[in-house]
Amino acid sequence: MAVNDNVKLGKNVKIFHPHLVNLYGCLIGDETKIGSFVEIQKNVIVGTRCKVSSHSFICEGVILEDEVFVGHGVMFTNDLYPRATNADSSLKTEDDWSVIQTLVKRRASIGSNATILAGVTIGINAIIGAGAVVTHDVPDYTTVVGVPARVIGHVPNTDELINSGLLSSVS
Amino acid sequence: MAVNDNVKLGKNVKIFHPHLVNLYGCLIGDETKIGSFVEIQKNVIVGTRCKVSSHSFICEGVILEDEVFVGHGVMFTNDLYPRATNADSSLKTEDDWSVIQTLVKRRASIGSNATILAGVTIGINAIIGAGAVVTHDVPDYTTVVGVPARVIGHVPNTDELINSGLLSSVS
Amino acid sequence: MAVNDNVKLGKNVKIFHPHLVNLYGCLIGDETKIGSFVEIQKNVIVGTRCKVSSHSFICEGVILEDEVFVGHGVMFTNDLYPRATNADSSLKTEDDWSVIQTLVKRRASIGSNATILAGVTIGINAIIGAGAVVTHDVPDYTTVVGVPARVIGHVPNTDELINSGLLSSVS
């Protein structure tokens, strides 16, 4: 079982295979679901009702707001110039670099195998295409795809959908 | 051990580390080999003599015909607009989306870290380059690479190889 | 525990979760760190003071020299035309293909979700961008990004840094 005792789990968090994940020092919000082969590092905050799919890695420095979808095989990063060692060939320790913060806002969705460069902010309701490499901030209600990820469209918000007649009501 | 009792295993299926995979509700054909850190979901059909390499994810909705090669870190998908929650912020359940079907035909090979968008058909003997993001159908005997994946060549079939003199016999 | 008895471990190698990796027949140098959900195959050589991050796959044919950084979800390959079966539909065995060698030189860093095609050499101190697909050799002190990976810059070496005044001393 690799859900460390120092993980703060909200109510009704679902971890389908606790012995096939590696979670430590993080906070997981209520009703969030976590798939197999997922690693979530210390100081990560995952909001409520998120879904973190199998094979994904969420590193220190990342905050997922509520209702975020993380696809399969998604890799976050917190360092733009990672190295194994310092100039004197000693192993890098935590004192040898600063964690860069990454924020994923409410209801955003990140497609499978996407890579998220350290320091970006992904906006509310944004969609990151599968396999995209996100190198810049993604505005709210925007879809990005490709390597590097570029904006290809707008994700209509609820008001727009109602005004356009595409959505008749919001239950 | 995360090979669920509801998995239908053919004869001589090789799962190298049964405690390092997550298989449930799927059918695995005779003589197929499955690597470590692989997840295969319910209703997936994997044909005979396939190879599913480590770190790959095969979701509900996918059919692999016989003799398909799936490289390492390959991610299939079954939803084009995944979200963690519904418009009313309730968690999505199975009733809230329809699985899109994906078909990989006989003897196709999918390179490592490739991403397969929901709904495509990958043709007989096709080759998907490593790291490709497949967004459209791939014709039989075709090689595709890149993001998004584009056709770069033709994979000669056996008759063509014999006619061209490149292959002298078919044992 | 999936660290096979045939693994040769140097001094002070750190494997954070020995039951969440798959290591066999490889040699791991002193002080190297290995994350969770990592597979390292037989005949691989990993140098001293390397860091192999979670979710990465290092196949037979790969040599990592000292102080190499391998990010998360990095996939190496050792075959350019992988197939599950031979022309006669029998399962491929080790006798049916030759492993292609890949070399990563001293102090190189490979970003997360990168894919390394069989046969390339990655030069000293080179940086491979996150999500890149490396299809050609990468010269020493070079940064590459994208699919396929292209050179975008030069990583200054220590002499250059001192001459430019950016680095005042080498401890």
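Think of it as A, B and C in the order they're written, each chain with its own count starting at 1.
Convention: a contact is a pair of C-beta atoms (placed from the backbone, for glycine too) under 8 Å apart; a residue touches a chain by one contact, two chains touch by 3 or more.
If you're wondering where the values come from, they're calculated on a predicted model, not measured in any experiment.
Taken chain by chain, the contacts link every pair, so each chain touches all the others.
Bringing chain A onto chain C by least-squares fit of CA atoms involves turning it by 120°, to the nearest 5.
Two copies of one chain, chain B and chain C, touch each other, and the residues they use overlap weakly: the shared fraction of interface numbers falls below half. Remark: chain B and chain C have CA centroids separated by 25 Å (rounded to whole angstrom). Residue positions 20, 37, 55, 73, 113, 147 of chain C each touch two or more of the other chains. The part of chain B that touches chain A in the complex is made up of residues 2, 20, 22, 37, 39, 55, 57, 59, 73, 75, 77, 81-85, 87-92, 113, 115, 117, 133, 147-148. Note for the complex: chain B touches chain C at residues 16-17, 20, 31, 33, 35-37, 49-51, 54-55, 66-69, 71-73, 107, 109, 111-113, 127, 129-131, 145-147, 158, 167, 170-171.
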